[in-house]
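Chain lettering (A, B and C) follows the sequence in which the chains are written, and residue indices restart at 1 in each chain.
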Amino acid sequence: METNVKGILEALLFVADEPLTLKQFVQITGFDTELIEKNLKELAEEYQKGNRGIQLREVADGYRFFTHPAYAPFVEELVLSADYRKLSQASLETLATIVYRQPITRARIGAIRGVNSTGAIASLQEKGLVKEVGRERGPGQPILYGTTKTFLENFGLKNIKELPPLKDFALDEETIDQLQLRLMAEPVEKAKKESKE
Amino acid sequence: MPYQVRIEVFEGPFDLLLNLITKQKLDIYDIPIAKITEQYLSYIEQIEIVDLETASGFLLVASTLVEIKSANLLPEKRDDLEEDEIPPEQARQNLIARLVEYKKFKNASLSLAARLESESRYYKREVGLEEKFLKLLPDFLKDVSIDDLAKLMVKFLTKENAFVVDTSHVIPKPISLKEIFSVAINKLKQKKNQSFRELTINCKNKAEIIAYFLAILELFKNDFLKLSQAETFGEIEMEFCEFSEHEVMEEVYGN
Amino acid sequence: METNVKGILEALLFVADEPLTLKQFVQITGFDTELIEKNLKELAEEYQKGNRGIQLREVADGYRFFTHPAYAPFVEELVLSADYRKLSQASLETLATIVYRQPITRARIGAIRGVNSTGAIASLQEKGLVKEVGRERGPGQPILYGTTKTFLENFGLKNIKELPPLKDFALDEETIDQLQLRLMAEPVEKAKKESKE
């Protein structure tokens, strides 16, 4: 039987237990990067068009097969539900500060959230979503936290740059004005008038 | 074990304040902050916070609110501000800036949650290798016997710090700082130049080492000791300056 | 998107860690046996005709995906490329802990070893020596780890009850006493947990 590039890639993707990078494909097959990339793209398209049970996706700087999300209810009959991936609000907030401010210390996470985040950090570490990435210079040399490859994989991201920039989540002028007004130490009428002057 | 601080639905002082602000109806004759402060205070009275850091976060925001609120009760301009006191208007702007910053991350967290939700429907294959490929793997247990593993386990279980059994019902033996202090001074008198490691070499547990460390810091603070450390995590070298034990105790403990 | 029978079967076969029987397919999907059989046959043919990297085969106890034998040399290359020559000390210690305390959470492994054991656990999983065996009840529902059949077979053990008792390995009187204390203390802890359930 004639071996074909796509078949080889497919077999490798099937057995791999983590996303495979282009570099790994090159090392294992000896084909050049362009050929591999072209075939991966075609493979992904074929699976997608056919409404197949398996989908090829690019995550965490590599390629990996996943089941099609439409069939999740059936898959969950067979394997442990992904419910455990759910995160509490505290964990999500903490994760967001780490995602957008990494590398960041525990103290700065706490300062942004206004609340001690030690427990949330520990829980994110336990889930493999964040890790210690180093230590800050200076007094106490606090631990710096950052996100992991597992984070990218679980959130379906090729890399961290795929996320919308933080400024997209900033409050608009109007909302900030509302905040201003509601924290006024004088009647609103007067405040409004003054701000117009 | 971190405290599980669940402040009802709120994730902290900023979250609570933002929530109260959003609910607040604006009546142009009202002083808005008065109502918000009142609600905020009554809320934090109800909640039970076991974590000191969290508590201080809530209290800091509360005191800022009270300060801003009281500003309009006072004469227009105050020129009696203490040096490190922040004028109410500045405090208000600082608070708003922090709220705005926090809300940005909170919004980002909601977007992450949505992403996680849709991602949770993708499953990856978590199955081991096919049998025929398993044989290919080097036998990493070649030189390991089951007895080796048992021995390792025994080592852990009999190691000092590996006590994983719940000991919360056991009253910890208090370590007298004063006692350690006195021992430390005697040791340092006998040998004026030594490292912290040397000093604590016979310590039976972490608590004792910590007690020594506190003693050292106290001595350093009172100029009885010079400390140096050549590199991060390196040896802490100490040089004791000659005083009588009595003098030292008197200086530090007042007796 | 319209779900299709073939897609569902494909997704199920992809995640299953053992051959799936017709009966299982019926139970999970609610489709009737004929429909499932027809689609499985078609699926197998499609894979075969395309010289695909994956093959669907009917084995003694059901249906299962395999890599195509023609691509085995590449798969072997992938398996060998992973850096697993020997177990590190960290891996051995982690393995010992899991062997004797299974099912056990990551956090408790860390507590026993005194260091974070996440990396070591992942490496042992990769090597097929330990696996996730369930989830603990309670907050966060942490994953429980245990040893695999491969591990037991490696040492010629039928089940974990055949493990050598730890007290045989205590070196001196003092160690024996300490060990006794801890081994005694543990059933209490376990009993407590059970009574809560």
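Simple rule for what comes next: a residue touches a chain if its C-beta (ideal position, glycine included) is under 8 Å from a C-beta of that chain, and two chains touch if they have at least 3 such contacts.
All figures in this text were calculated on a predicted structure; none of them were measured in a lab.
J.: If I average the C-alpha coordinates per chain and also across every protein chain shown, which chain's average lies closest to the global one?
T.: If one averages C-alpha positions chain by chain, the most central is A.
J.: Go through B-C and A-B and name the pair with more C-beta contacts between its chains.
T.: The greater number of contacts lies at A-B.
J.: Using mean CA coordinates as chain centres, what's the chain A-chain C distance in Å?
T.: The separation of the two C-alpha centroids amounts to 26 Å.
J.: Distance between chain B and chain C based on Cα centroids, please, to the nearest Å.
T.: Measuring from centre to centre gives 37 Å for this pair.
J.: Express in whole angstrom the distance between the two chain centres, defined as the mean CA positions of chain A and chain B.
T.: The computed centroid separation for chain A versus chain B comes out at 27 Å.
J.: Two-or-more-chain contact residues of chain A, please, as numbers and ranges.
T.: 14-15, 17, 65, 67, 70, 75, 79
J.: What are the residue numbers in chain B that touch two or more other chains?
T.: 4, 123, 125-126, 129-130, 133
J.: Could you pull out which chain B residues touch chain C in their complex?
T.: By the definition above, chain B touches chain C via 4, 123, 125-130, 132-134, 136-138, 140-141, 144-154, 156-159, 161-166.
J.: Mind pulling up the chain B residues that touch chain A in the complex?
T.: Chain B residues touching chain A: 2-5, 11-15, 21, 24, 26-33, 36, 51, 53-54, 57, 61, 65, 68-69, 71-72, 88, 92, 95-96, 98-113, 115-116, 118-126, 129-130, 133, 232.
J.: Once bound in the complex, which stretches of chain C touch chain B?
T.: 11, 14-17, 66-67, 72, 75-76, 79-80, 84-87, 92-93, 95-97, 99-100, 108, 111-114, 127-129, 131, 139, 148, 150-151, 154-155, 157, 163-164, 166, 168-171, 175, 178-179, 182-183, 185-186, 188-189
J.: Quick one: in the complex, what on chain A touches chain C?
T.: Residues 1-4, 6-17, 20, 24, 27-29, 51-54, 65, 67-68, 70-71, 74-75, 77-80, 84, 123, 125-126, 128 of chain A touch chain C in their complex.
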